[in-house]
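Below are structures written as structure tokens.
Heads up, the next two complexes both have chain A, just with different partners, chain B and then chain C.
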Partner chain A sequence: MNKKKFWIVLFILIICVIFSACLGRYTLSLKDIFSILVGNHTSEVEVNLFYNIRLSRTFLVVISGGALALSGSIFQTIFRNPLVSPDVLGVSSGCSVGAVLSIVLLGGGVIITQSMTFLFGVMVVLFSIFLSRFVKNDRILGLVLAGIVMGSIASSIIMMLKLVADPNSHLQAIEFWLMGGFNNATWSQFNIIFLPIMLITVILYLLRYKINIMSLGDEEAKSLGLNVKVVRIIVILLATLLVALVVSFAGVVSWVGLLSPHIVKMYSKDDIVNNFSLSFLTGSILLIVSDVLARTLFTIELPISIVTSFIGAIFLIILLIKNKREAL
Partner chain B sequence: MIHLRKRVISAMMALVMVLTILTGCANNQKSETNSGEESIVVTDQIGREVKIEGEVKNIVSSYYLSSSLLIALGKKDNVVGIELKADTRGIYKKVAPEFLDLPGVGSGKGINVEQVAKLDPDVVIIPKKLKDSVEQFEQLNIPVVVIDPETLDNFIDFVELMGKVVGAEERSKALIEEYERIFEEVRELTKDVKDRPTVYLSSGSDFLRTCTSKMYQNELIDIAGGKNVSSDLQDGYWQAISAEQLVSWNPEKIFTVSYAEYANEDIVNDVRFKDIEAIKNGEIKTFPSKLLEPWDYPTPSSILGVLWLTSQLHPELYSEEDYVKEAKNFYKTYFNMDVTEEELGL
Partner chain C sequence: MSIRLENVSVKFSDRTILNNLSIELLENEITFLLGVNGVGKTTLIRTIMGFEKKVCGKIYYNDIDIDKMTYKERSKMVAYIPQIIERRSSFRALDFVCMGKNNDLSIFSKPSKKDIELAKNILEKLNIGYLENSYIDKISGGELQIVYLARTYMQNASYMVLDEPTASLDFSRQNDFLDILENFSKNYGYGCFLSTHNPNLAYEYADRILMIKNGNIFSDLKRTQTNYKDELKKSLTNLYEKEVKVITDDNKSLFYI
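Entry: the complex of A and B
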């Protein structure tokens, strides 16, 4: 059954990708795009624009959306809570601290910012996991509490740095970074994150049965012979890496990780084992639609989180209303 | 122990007092004679009436634009407190190195009222962003003048106001006349220009952010005889655009601001921008002056930005030599300093 759904969702994604390749502030007709693809287009400007600006961005958005959504599904499964997002352990806040530090203190070069962002995101999550060990009886509760603590510390550091940032340059850069965006997408960035994201996705795919068992709760999982502690840490770290990779170049992209699993549940009530690829594809679709809106609606470029938060909130309300009806 | 600490503190306080008196004396000797003992009432830029009594000897300036203007008005020796991060301003290093040693009292986000009070100023200048602090200063009976020099008109009002406040009206009038004269001349030069090069001006934080028509920069490009590609953007200040949007605008000239966080070479080497007219022809430059102060928004020497841009866009109407002559003359008159061509953005 899920095979069929998979192909339908993949088909929708491909349609979205084509749309994304056709739409933009620079007008390219379908005919232009066809001749560009065939390779006999006359305008070099348009060829360059299509391949280096539009296509690189579209591909980046596709893998980013997928990575965020997958990470969200996994977090919600492991924490057995549908309101958990990948940020629960503070990865986005940690990434933000890294980025803001780099912007304010290190000049904000692309490579430095990306490395700092990634590093801080992972560090904060590691620290959250470490802190959670002090809550003895309930590991999940411990993780959530530690995440809240680390998130607060991170946001206080961010506020502090914003206070000393130069309002003419740094502060703007920080604000924009905190709202995310793909307007600096290039192929080289795609190359940097493509392999790691694919590698992690494959590992998580191989672990999908174990992740699913975790959703039964610690006791059951243990009785089924699973080393709960080890698997949980490994899976959480891998899912965190996915988010950190995306956030490191796109800034904070809110809602995609939280919402995508719910959208998947709308059309497939299966568990993570069967919904694995559907989650990824759904996230890609959600983000690609958001990104097309962000870059085409106005002459200016909207930060991506403005779009994803707006769409996300509306979607969630629809889901709630729908679920209520079903319950009745 | 406590006694010892008290003694140390009182000794330090005494030292501070002595130092304040000494520097106060030094200031007295250097400053020109002022408007005298009578008090004046000025209206600041948020419409408050401020009464300033007697001669203004000690000024605290918590905003870069007012500090820089005080140099041009010949009052740099009267400044006793200054905004934070003064060490990032090229013009201070060059003509007012003493500014770098002054106590920093605040930034655009907040001012330390106690620190200011300690300096015992005759007047405090704060930007509109800090207007919530006004009440605290009023309670301490420290005259506080709020300024808002963000647009050209406001900037002219600001220069006039500052001239009155610090008793340097002659110089402030001369500076305003200089501004008006140059604007008039350049407008006259470029008013009939048919062939207006398209210009893209990028922001400090990101190359893909640009000015809107609400900003001084847009007017600047217009007066200098160019066409700002982003003049259709009306809201907000520095707005983000997509790479695609820039390619479709295809500007003939690109200028990056002097306080940019990125290098022009990175833009030139970015494969996404290689087909843009300006990049193909190597027409990407930094808007001066990186070494002195930015001219792309109203600063005391920003009038030179109009001249520089005109000579860049229309060398046939206004030559580089004329520009250099005028700019050197300007800095000599108002800042009493010699400038190099590099400092003038050439």
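Entry: the complex of A and C
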């Protein structure tokens, strides 16, 4: 691993975290934050704001961005395709169905929505994997096709539910959920997803050499003694769980998983073994910047996917221009 | 280490590619495979590696049915060097070579310091130590082939299957690579099976030449047999369905049409 790059990126992330703690509808100065941290700040409200709102939100954004980016890097590596996103098996669409069902039929309470979201995301992915088995020769093509099929079914269900949803209350909740956001972040939410995300990240980290070998393609990987089928399913499930965990409380966060690996490649042309932590940190930075923009650009807070989609499009244009001679 | 195919058939939808084919590849021999385009050279190679679904027949590595072996067990016997067409991944050569150790590692472990030293050593021995930190998509095709040899060494197999290793190399590098391959095979005791379109390379380097036509091996020639060159000429004529002639000069022979 490139230690120097790691420390630089970590340093940038820390700066971003500090900015994220300062900025918002109510701005805290660096001096405020320092005095809050050493414990002699006078305003109880600001201390509360810092610890319970800003910090919980920032930490949630950091692990969410990292999880999405890592998932994206891993998907692009094992699918050997730079345009694959973690949604390729329909996890986000599945999650959306769960969330919309919960809003329309079950009242849309926080815990019930999160559980439904997670369950449906995982179910759709499992079903995609099951469907993919019917494409005999090309496993990867099978997975992509199955993902498209499941995604399409999911969006038709969502459209139907929107049609019957109460336009005064449910419809708005649905739309907000589909555009994502971290405005409801709390420490208790952080506590729920922190451990699973870290656990999966550690397992994926331990699997990084196998994931790397998968990127040689099925046959070469087999010839090196890798049980491709088993490793692929394990890795895909774990990487998908990361996304489902994030989406289940933040709603759909688009583009981060697709884009982060490309940003990493711009400054570190290396394999997943060496870029593993850089991928995570880069996603954190990308999402934290997006989140800060989402809550500071206008007087009302923007849903996160509006910002990430826009940044994503701009970055993709830069990448296209920069790499016009080489393929992505 | 020997490889044996018994009555193997492979079909793509309803086209028969390999038809009841049987061969035995012996240890420490360099065997070349010749055949016209689209006749199934790559399919045969992939079948030997266990990548193709066969309609019938059995494949044995050292008399063990490969259907009863795990990929790990197979990889300790036979190594594979695919045809280099595209290189999308950017690995450092050293990391790439260390991947050969995968068959000795459990699912969560990584190559040890000792493995990395070993990899450096073999790169030195193959005279490409300077490539250690280069990315494999930025080095020449000839260099990459040798990096592949180094990886094969790490894999600890005793047989190597190569799909047209000379196809992407220039005129002189083809000989360079086969010289290195020959030395590598003799020094470390590897059997080799490789396909090529160039009968002259086969004649120069092969201990044995197989030719494939109509889904089966139709010619099997050993360097040690009598009338090797004439038999080869006859078989080549048969293979390409054109009169193949040979000229000899300075103890070297050249086949041409």
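We take it that the second predicted complex is superposed on the first by the 323 of 328 C-alpha atoms of A that agree within 3 Å, B and C clash if a C-alpha of one lies under 4 Å from a C-alpha of the other, contacts with A are read in each partner's own complex, and residues count from 1 in each chain.
Keep in mind that, in the parts below, a residue touches a chain if its C-beta (ideal position, glycine included) is under 8 Å from a C-beta of that chain, and two chains touch if they have at least 3 such contacts.
As the structure is a prediction and not an experimental result, all values here were calculated from the model.
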- Sharing chain A, do chain B and chain C clash or fit in the superposition? fit
- Task: Tell me which partner A:Asn48 touches in the superposition: chain B (first), chain C (second), both or neither.
- Result: first
- Note on the structure: Across chain A, the partner (chain B or chain C) reaching more residues is B
- Message: Once chain A of both complexes is superposed, is A:Arg25 in touch with chain B (first), chain C (second), both, or neither?
- Response: first
- State whether A:Ala173 touches chain B only (first), chain C only (second), both chains, or neither. first
- Message: Applying the document's definition of touch, where does A:Lys210 land relative to chain B and chain C: first, second, both, or neither?
- Response: second
- Task: Would you sort A:Asn40 into first (chain B), second (chain C), both or neither based on which partner it touches?
- Result: neither
- Query: Using only C-alpha centres after the superposition, what angle do chain B and chain C make about chain A, to the nearest 10 degrees?
  - Reply: 140
- Gap in Å between nearest CA atoms once chain C and chain B share a frame through chain A: 42
- Taking the contacts chain A makes with chain B in one complex and with chain C in the other, which residues are shared? none
- Item | chain B-facing residues of chain A, complex | 24-27, 44-45, 48-49, 52-54, 103, 107-108, 163-164, 166-170, 172-173, 176, 181, 183-184, 186-187, 295, 299-301, 303
- Item | Partner chain A, residues of chain C touching it in the complex | 46, 49-51, 70-76, 78-80, 82, 88-92, 95, 99-100, 102-103, 105, 107-111, 135, 155
- Note on the structure: Listed in rising order, the residues of chain B that touch chain A in the complex are 85, 107-110, 203-206, 208-209, 230, 232-233, 236, 238-245, 247-248, 250, 259-261, 270-272, 274-275
- Listed in rising order, the residues of chain A that touch chain C in the complex are 80, 206-210, 212-213, 215-216, 219-220, 222-228, 231, 269-271, 273-274
